[in-house]
Each structure stands twice: as C-alpha cells, then as structure tokens.
Amino acid sequence: MIKVAIVGATGYTGLELLKLLAQHEHVEIAAVTSNSKAGAHVTSIYPHFKGILDITLSSTDELNPAEFDVVFLGLPHGISMDFVKKAGLESTRIIDLSGDFRLSSPDLYNTWYPREHVFPEAYTQAVYGLPELFREDIRDAVLVANPGCYPTSAILPLVPLIKEDIIDAGHIFVDAKSGVTGAGAHAKPNTHYPVVNDNFSAYGIATHRHTPEMQDVALRYSGVEPRIQFTPHLLPVSRGILATCYGILTTDIEEEHIQNIYENYYGNEPFVRLVDAPPELNHIRGSNFCDIFFKLDKRTGHIITVSCIDNMVKGAAGQAVQNMNIMFGFEETSGLHQTPLYP
Amino acid sequence: MIKVAIVGATGYTGLELLKLLAQHEHVEIAAVTSNSKAGAHVTSIYPHFKGILDITLSSTDELNPAEFDVVFLGLPHGISMDFVKKAGLESTRIIDLSGDFRLSSPDLYNTWYPREHVFPEAYTQAVYGLPELFREDIRDAVLVANPGCYPTSAILPLVPLIKEDIIDAGHIFVDAKSGVTGAGAHAKPNTHYPVVNDNFSAYGIATHRHTPEMQDVALRYSGVEPRIQFTPHLLPVSRGILATCYGILTTDIEEEHIQNIYENYYGNEPFVRLVDAPPELNHIRGSNFCDIFFKLDKRTGHIITVSCIDNMVKGAAGQAVQNMNIMFGFEETSGLHQTPLYP
Amino acid sequence: MIKVAIVGATGYTGLELLKLLAQHEHVEIAAVTSNSKAGAHVTSIYPHFKGILDITLSSTDELNPAEFDVVFLGLPHGISMDFVKKAGLESTRIIDLSGDFRLSSPDLYNTWYPREHVFPEAYTQAVYGLPELFREDIRDAVLVANPGCYPTSAILPLVPLIKEDIIDAGHIFVDAKSGVTGAGAHAKPNTHYPVVNDNFSAYGIATHRHTPEMQDVALRYSGVEPRIQFTPHLLPVSRGILATCYGILTTDIEEEHIQNIYENYYGNEPFVRLVDAPPELNHIRGSNFCDIFFKLDKRTGHIITVSCIDNMVKGAAGQAVQNMNIMFGFEETSGLHQTPLYP
Amino acid sequence: MIKVAIVGATGYTGLELLKLLAQHEHVEIAAVTSNSKAGAHVTSIYPHFKGILDITLSSTDELNPAEFDVVFLGLPHGISMDFVKKAGLESTRIIDLSGDFRLSSPDLYNTWYPREHVFPEAYTQAVYGLPELFREDIRDAVLVANPGCYPTSAILPLVPLIKEDIIDAGHIFVDAKSGVTGAGAHAKPNTHYPVVNDNFSAYGIATHRHTPEMQDVALRYSGVEPRIQFTPHLLPVSRGILATCYGILTTDIEEEHIQNIYENYYGNEPFVRLVDAPPELNHIRGSNFCDIFFKLDKRTGHIITVSCIDNMVKGAAGQAVQNMNIMFGFEETSGLHQTPLYP
C-alpha cells in the first residue's frame, strides 16, 4: 500500500481521483485537501460518496508532501506550479493534472499561458504522462505532467500517422467536441444549464492552449512538428470527448497498411481499443479507454480518424492513476477496470 | 400603439417580454432598462435578437415611468417593490412579474419572504393577474401582480375542484416539475450543466413560497382556503412546468360531471386547452397555452390532474402580455399566437 | 465459482447483468442467450464491452437449465413464465426479472396482466426478491421474482410507515419519475429522441401494473393492504427513478421518531442510505443504492418521502445480483461496489 | 391567398410546413395528405396543434395537383419522384423537399441514391431552391428542389470562398453536427432516447449523399467543382445543424477582405446573419436564419467558418416557404418572422 495525497480535491479531476483511488487495491488515501473546504467532510460536498468514503478535507497549505509516496495535484493552471515549487522535486513524487508542466519549455508556456512560469528549473524533470508514448520515462519520473483531455484524444490517433509520414504535417485538422465537465466544477455563465441544453457551439477557435500541447508532444515523440488546426466545441453532455481528425495523405496507401501501423503502436495497449465502426461517447463513459477508428477516403486523398475518451478518466484522473501504476510498478490496469456505463 | 417600458430586461422574464412585445401589433417598446447593463446593445447580451431588435439598454434608475403607458417589471422579489414605491401608483400602470404584490396582505408577505415589505399601502390596489379568474379586476388595474409560474400551473386545474367542493380542501397534493429557466438567468452551482443533466431532484419541500400563493389565491377566488402540499422538482429541460395534482373526492362523482365543470370554467378561454390525454411539455413549449387533463380513479376515490405550461410564457411573460391586452382593450390573444415548438 | 446463465441478454436488464456479473469474483458466466441474436458476439450488439467480455450468444431454446447453478431471466413479461414452466422448479435456481411471479396469486396476475398465467403452481415457491424485506425467504428460494423498478423505489420508504401505522393506508400517493431505460432497449415512437428530449409527461395514470405490486408486497410484509395512487412519469434521462411519496399522518408525531423507525429498518442495510437532504439521480447512477429522505410537514399533517434508485441496478440487475449473493451465501455486496457515476 | 397542398404531412418536414403555413397571411392550406393517416385529424397525430389547426388528412393518392397553386412534397427520397412524374410538370408548381431533384443530373443521382431515377426528363426544369444563390431561377420555376439541410449549412459559408478563389478547392473539410430531427420522425434503434442522450457520434464518413449535393451546387454556382470531405455527426439535441468548415488559403489575405466578400454576398439577405462571435444552435432555433462566422488563422494559413441553421426551418420547411414567397411574388420574409426560441 502506498500513501497518496489528493491536493485540490473539490474540482472534477479531484473528485474522479477520489472515486478511482478509493477502490485501488494498492492505495491508501492518506490526505485530501482543499483550502476553501478544509474541515468539511467529503460527503457534504459530494453526497454520492456516502457509505463509500469517510474522509475530512484538510488544508492544502498545511500539507507536508514528504509524508506521502505520491501527491496528485488537482489545482488550476497557474496555481499548481506554486505548489510544486514550494514542495520541491525531492520531497515526494508528484502527478500534476494541470497544464503547468506539459509543454517542452517555460518559454512556450509563457507564450500561451497568462502567468509567467515560477519554476522553470523543473522542466528538465517533468515527464509528459501519456503512457502509450512515454511509458519508460514515466517509470522513474519525479514529476509527471498529466496530459490535457483534448491532446490525449487527438495525439493518440495522430502521432502514428505523423511519425510514419502518412499525412502532410502542415495541414492537420482536429475538430473536437467535449462534454461540459471539461470546463470544471465551477458554475459559469456559459455552463448554465439553459445555455448548454439543446445547444452546441465552437469556442477558442485558433487560440486554444491545447494546440501547442498537441504540436509539442507530437514533435517530441516523432521529431516532426506538425501544424495543427484545433477547434474545440461544447457538447450538451456531461462527460466525454470525441475528436474527428483530418489529414491529407502524402502518398497512395491502403487501409490495411494503416491498420497495421495502428496495431503496431497500440495492439498491446490495455486502454487503446482499435475499433472497426465509429466510436461513441457512451462506449467509453466512466472508463479509461480510448477508442480509435479511421477511414481512408480514396476519392479525396484524406484520412479521417474518430477517437473517444472520457475526459475525466483517460483525459484526467484515470490517466493519472495509470501513470501512478507505472511509477510504482503496479499492474498498469490496477484500479482501472471500470466498465463503460452504457447507456 | 402604446408605449411600454421593460424594466430589468436582462433576466429571463425580461428576455421573453422583449421577444413577445417586439412582434406585438399595438406596442412600441420605448425603453428597456437594466442598471448593470445600461448602455449595452441588446444583441450584445442576447445575440439571437440580431436582425430583430435594435435597442440599447438604458438605466433603470433614470427611467421616468410617467412617459409610458405601461411598465413591465422583470426585477427580483424584494427589489420590485422599491421600484413601485418610488414610481407610485399614479404615474403609470404597472405589471409586476415578481412576487412582491401577489399575496393578499403584507403580513403574509412578511411571513414567507425574507425582506419586510416597503409599500404595504399598495396592496389594496394590486390585482392578481390570472385572467381566467380575475379578468374583470385586471381590466382597470393600475398594479397587476403577475402570477408565479408554479401557482399558474396548479391553480387553474385545482380551483374549479375546490370551489365546486369536489375535493377535500384539507389534503391537496401538488407535485410539480419545472425546467431550469424557472431558476433565472444567473448561473448558480445547482444550475451548472453537469449537475442538472441526466439528473432530477426535489427541492423546497414543505417550504416553497409558491405554497401560500396557491392557497391565498384559491381562497380569494373560492372562499375556501385549501391546505396544499406543494413539492417542486427540477427537470433537466430548459422550459416548462408539469404539475401533477391529487385530490380526495368528497363524494362519488362521474367523469362527465367534472368534464362539464371544467368546460364551464374554461371552455371559452383562449389559452386553456382541456385535453383528453396527458399533456406534455413539448405540446406547449414557447406558447401561452395551459393544457389541463384529469382522471378519476374510482378504485381509490381520488382525482388526478396533469397540467402543463411554459414557465416563461403562460408562467411569466406571456401572461403579462395577456394582462396588458386586457388592460388596454386589445384582443386578448394579440401578440400571443405562437405555435408550440414541437419537437 | 458458480456457473450462471443469462437468458434474454440483449435487453437492458440482460445488458446490466452482463456488466455486473462479468466482474463478480464468484461467478463464471457460462451462457448468454438470445433467440434473435444467437450466434452473434456480444460486442457486435454492445461495442462498449470490447476488451471486457468475449462471449458469443447462444439460443435460449437450446439452453439446458440443469447445467447452471442459477439462471437469470431477462425475458419480457408473459414470456418468462413459459421458460420457467419448461425448466420446472427442480432443474436449477431461477431469478426472474420479469413481472410473471411477483404478485401474490395467479388471479391477481390475470387481472392486471394481458396473458393468462401458464404456471400458477409455481406461485407457492416464488419469493419476492426484495432483500431488505424478505432476506430470509430468499436464502433458500428456488424461484426469485425480482421486484419491479417502481415498486422498489416506493416500497422501501413506504413500508415502515405503513407497518408502524404512521400513515393512513387508504390515501397514499406515489408520484414517480423514471428514466427512459425503464421502457426497455427496443426503440418505440414514445422513446424517439426528439419526443423525449426537453420533454416530460405522465403516463399509465391509475392503471399501471406496478400499482398492485406495491399494494400486494406491502400487504404481505405489513399485514395491511394500502390503497396506493401511483403515477409514473417519463424523465428525459437515461437511468434512474425518483419517487416522491405522500402520506397523511395518523397521529401527531416527531421527525425524530420517524428517523428512529427508518434506522431500525435500514440502519444496517448495505444498499439503503438514509440521507438528510433530498437525494438526486446522480447520487446513485450506476450503483445499487437506494437513497431515502423524508420530511414531516406539521402545517399540513403530511409526510413526504423522496427516494432514488438506478432502475437498471437496484431496480433490476443489481438487485438480482444481491439476491444471488444471498442465495449462494456470498457477501451480499459482492460485485456491487460500483461508486455512483457523478456527474 | 393561394391554395396549397402539403403532401406527406406526417413527417417532420410536413409538420414544420403545417406550422409555418398555418400562420402565413397569403396562404390557405387546402389539403394535407398522408396515405397511412388519411382520415385522421391532425391533432390526433400532433396534439400541440389543438386550437391552432383544424384539418383532417386526406389520401395522397387521391390528390389532384391541378386544384392547388403549389404543392409541397414532404415525401421520402425515392418516393417523391413518383409523385412528380404522375403529376407532371404542367398541372401545378411543386416544391419538393426530398433529394430526388437536387443533383445536376439523373446520372449523378443514380450513382449516390439507391433507386434509379424514374423521371429524368424533369431535371431540365428542376431549380435548386437556395434563394441566396439561385433566386432568379426560383422565381419562375415549376419544380423547385429544396436543398438538403447539411448542404444549406455548408454551401452558404463556402461558396463565396470557392468562387472568389480564396481557398484551395481540392481540400475542403466540412465537419457538421446535426440534431436528431434530421433523422426523421420515425423511431429507429439509433434514435432511441438512451442511445442518443449524453452521447455523440460520427456517421456516414466519406459516404454521405449530401457530399455530391454540396460539390454539385458549388460547381453550378461557381464554375469550380470542389472536393469536399464531409463528416456528419449526431448531436443530442432536437433541432439544429452547426457546420465547422476548414479551407486552406490560396494566398495571404486579410480578415477585412473576407469580411467584405461575405457582405457583398449576403449583406442584404434577410435570412443570413454575418456574426462576429461563433454562432450557437440556440441563436437560430425555430427561425429561418443562417448565422455565419469566420476566422482566419495566419499561423496555419487556414480559414475556419462556423455556421448554424435550424435543420427543420432554413434546412427544410422554412426554406421551402421562402421559395414559395419568391415564386408567388410575396415578401420573401412573409410567414418567416419567427424569433429564435432562446433558451
């Protein structure tokens, strides 16, 4: 049993971490923190945990990281780095679910994020926590930057095509659609129920911060920096991301060839399912799966991929647990056997 | 053409008034106010009005009521009475959509509402604006208290049964379910999309302020004060209220008899539809109709009524326009010919 | 490990049984049948099981019940009894999720169900599978009639009040609201998405078959036959039932007294949670919990209860697994540790 | 007043035509037909019309087209052409809402549609009923092929860019998302509420019949045949299409230039709104508007457009009424003043 702390536990990523870790056979949840809710019982915030979790929240500021084997950070972008700086990189191992250590350099961070980075020295240690691409680096990492939800959904189908030079890296289109939990647990005017219900919209066109994350990770993995046109949309659903990606084929190629490439990359991955019909959100809801489908269109010379994840699981807390399993030598699927909730 | 002002126009009742009055043949919208949004163009708040409304909001505080034939108040409870007091009852005619003048006495108001009433003198002038029951009083009213959404949905089916002594007034159950627009345009934790979506809950059990409103109006109309058990619920829909009401029959009676009673009360009403199958929200969405269905259960000795309104139309803005039509001698259906949006 | 068969597995109850039993530590799913889909792989019908279940459906007609320790029946009402008759009561133990053996007599069945019962002899053996009320009988049962979803949601809060003579048994009102999975997996005009979305309606007023089931079970348990006015409604959600029940108090009583009664009945039950705020569907979604809340209204002399279950879990498959656990001496919570999926 | 017939009125396009034409000042609905529902009152099928429409359906087969000034066809693809052939092109004017006469040749039709065309001679007479592009041809047309919903949403933003040679016609991506009414009024397994709710999926990838319609119309209007990659998706909403389109710029160009082009094309159009923030489905629900937004991304050299329509109005019945208004010399906006239903 390892001792874990969940810092910033009242947001949706913290909530999902609580859910997953509470049933993890190798984990003792030793601290759950929130500065605003310190002293409150977890069921006073999330009544559905009654009978499942009996934990009182403590203060984030008073946490001593050294008392835990690993600390999960469910803090907002721009706040998380303060915690990491204060804790340092030697007191414990950290899995940070914010965007503060995902990009390849503090300079890139400073270009796309509003607050200047306070702990640039940590970048040499930070590992991008996408197990399918960086499993070996994760194993010994002291600081794991858990990937963004949109990047997870798009990088997994695209990276093999980029690395194998199947598509023109200069014109890649990622049209992604996310459920509202991706916007966090805090009520905002644009998440007011009557505004979202029976509605649909695009946002952050050409400006969303997950664009550099996708490009940067693809570069690190494949050696080629793609130029990605990313458009997020807000779906009237609670959980899930579906990404439809478009690439222009560099050469005449057969479906079978691409199928082989995907199988080489992901055939043994426990959480990537290569599916032969377009996946749907309710095939993966509540689970750590990423379903990937592709279609060649000979008429146009394009490839279309459709991929699905639960943004709270494979797009956040589930992937964080997967990273923890790798870091501590547990079965990679420990605590992640949730069957999708269908329907 | 009469000149109207809409005060407090950025909430949902103000929004719906704008929509209805913009197409009313006898109305000129001469002022639209909001203290927080004064100076803003209406399409900057509600882009769907582009090409339909070209109005800039002015300040509520600077409005001179005497310049208008009628002023609609879309202000919150407890604020509306300040406006009415300041305007007085002689400067113009007022249709108040808040709860500030709905009850029969300031004492009752003070019991159920948090702020002590500031203008108790106005109670002798205030008319409860439910046309089906108080049409004649509305005609000459200077101050119309537009009914609450839940009371409208429940009073219409219940009052004939109470007044005709069909049911035991001591045990009436109103189990009502409302869409989220009933909670207003302001985002709150309990209206956050992921909290409402695929969810359902009861609230305000035994304590909701629409309880005394229902009892009070029934008393005024029928001479009998019923004791009503009212339970509101929050539906994952944007618009609409469905009320399921239960009464205990005082005597053995036939369906036909009750059908006759309802036809006597509502057979000539333009906005009440007596229907022979349970009504549904999407039969009335966007329209000013109240659909009423009833069923006798001889086995139990109970009567069950099911009624539906759009809380923003018959439950608020549409009823306010209907009241205005009566007050100014227009066709009662002027501006209220919206066909329900189905599906 | 026991060997189980799931008969009629393509409906929603069969689907949920598959999900729960696939992860049950004491169970081997030895057969999954469907006459219409025999020969199909389960993932061709339910792709979300990819990587989780590797099972091919066989024919119901060719199943030999004697080869299994227990057979779950996910067949429709009126069909299930044919299977039971053919299998007999000695070949294996049966948990029937249909309504065919729930009522106390074949006569009552013939009054409320369309097809005359074909196996009335089995009634003496059939046990109503609500563990909180009939646990001891379930232990040795050869035929368990798994309760209906609405009755489960209403009987649990009401039976203590009836048995302890807290409420007038002659006037009980059950206003229940169910998600659409309660209507089954087969697409029908009234479950077409645009018909249900943003809509809400009542149905089966005074005529629903779960009425006699509620009355009958209450009678069997308490010795008093209540007269229940039951109104089901269709919610625009996938899963979950919320029941709002109303009783007229027989005597002046305090909340504390009623709280004690509920704790005596359910304080040690693993799946009943007595909650101190109105429960919501997303507190129990995907789990086997029944949450119960009550409120006394001294003003009216009424008690209001609000209770919630997931109709597919505690209202069907989860309760069936709970019954199996009791029948075979497993921990009652085995395979039923699902944390509610929130949000 | 002109006399109109609506043929095949029980589907969703027929339903919406009924709604719009019932309130059209120049129209008398002289016949409403359905072979399957002949003899039924319209409110027995659509109860929300109670008090609004008092019409009994007659048989399609017995309709004499010559008795009407115009006949609207709400029949399915492949059936509509039979009606047109039987009626001939001289008996009356026809507005066909199916796909049977939309493409530029019967050969193209035979390639993409399952049934061989029965009336190829009519193609020389058929006019594609998109008023913004073909208004003059519509004026005198005897047979108007009302556009498909997806093509309407995508052609309007794309055609100016293609015709003005702003984008590479060889690589255009249309990622479109539609509400479920686009799938028709008939319940199907993939429109079952629990299957669609809280879900999202792509379908018809690379194979949807609206692909050739888009390409063909762009060719007819611009002289350039684009190669369009069209991917439709199913949204959990009732009404509305949002299309996100991507083009690769052929040259370095400024936003202002493109803004000018759009204003030249659509600045005077009553139903196209050029908006300066991404449009949303609830800005246009229930109305005949098409909202268009665009964004240049200098970083990538791409243009992104986002456009919205109500698939039942501008995507079907509203556009048909707009065509009728043009054909008969009415104000083009007659009967089409519906304010979007927000929220």
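Letters are used for the chains, namely A, B, C and D, taken in the order the chains are written, and counting of residues starts over at 1 for each.
Note that in this section a residue touches a chain if its C-beta (ideal position, glycine included) is under 8 Å from a C-beta of that chain, and two chains touch if they have at least 3 such contacts.
Values in this document were obtained by computation on a predicted structure and should not be read as measured data.
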Report summary line: Neighbours of chain D that also touch chain C are A, B
Report task. Give the chain pair, either B-C or A-B, that is connected by more C-beta contacts. Result -> B-C
Query raised in the report: Taking each chain's centre as the mean of its Cα atoms, which chain lies farthest from chain C?
Result: D
Query - Rounded Å distance, chain B centre to chain D centre (Cα mean) - result: 37
Query raised in the report: CA centre of chain A versus CA centre of chain B: separation in Å?
Result: 46
**Report entry** Separation of mean Cα positions, chain C and chain B [Å, integer]
**Finding:** 39
Report summary line: Multi-chain touching residues of chain A, meaning two or more other chains, are 12, 179, 181, 194-195, 197-198, 236-239, 279-280, 282, 285, 343
Requested in this report: Give every residue of chain D touching chain A within the complex, in rising order.
Outcome: 171, 173, 175, 177, 179, 194-195, 197-203, 205-206, 227-229, 231, 233, 235-240, 242, 244, 246, 248, 278-282, 285, 295, 297, 299-300, 302, 304, 306, 343
Report task. Give every residue of chain A touching chain B within the complex, in rising order. Result -> 12, 179-181, 185-189, 191-198, 236-239
Query raised in the report: chain A touches which residues of chain C in the complex?
Result: 12, 15, 19, 22-23, 46-52, 181, 197-198, 238-239, 270, 273, 275, 277, 279, 282-287, 289, 337, 339-343
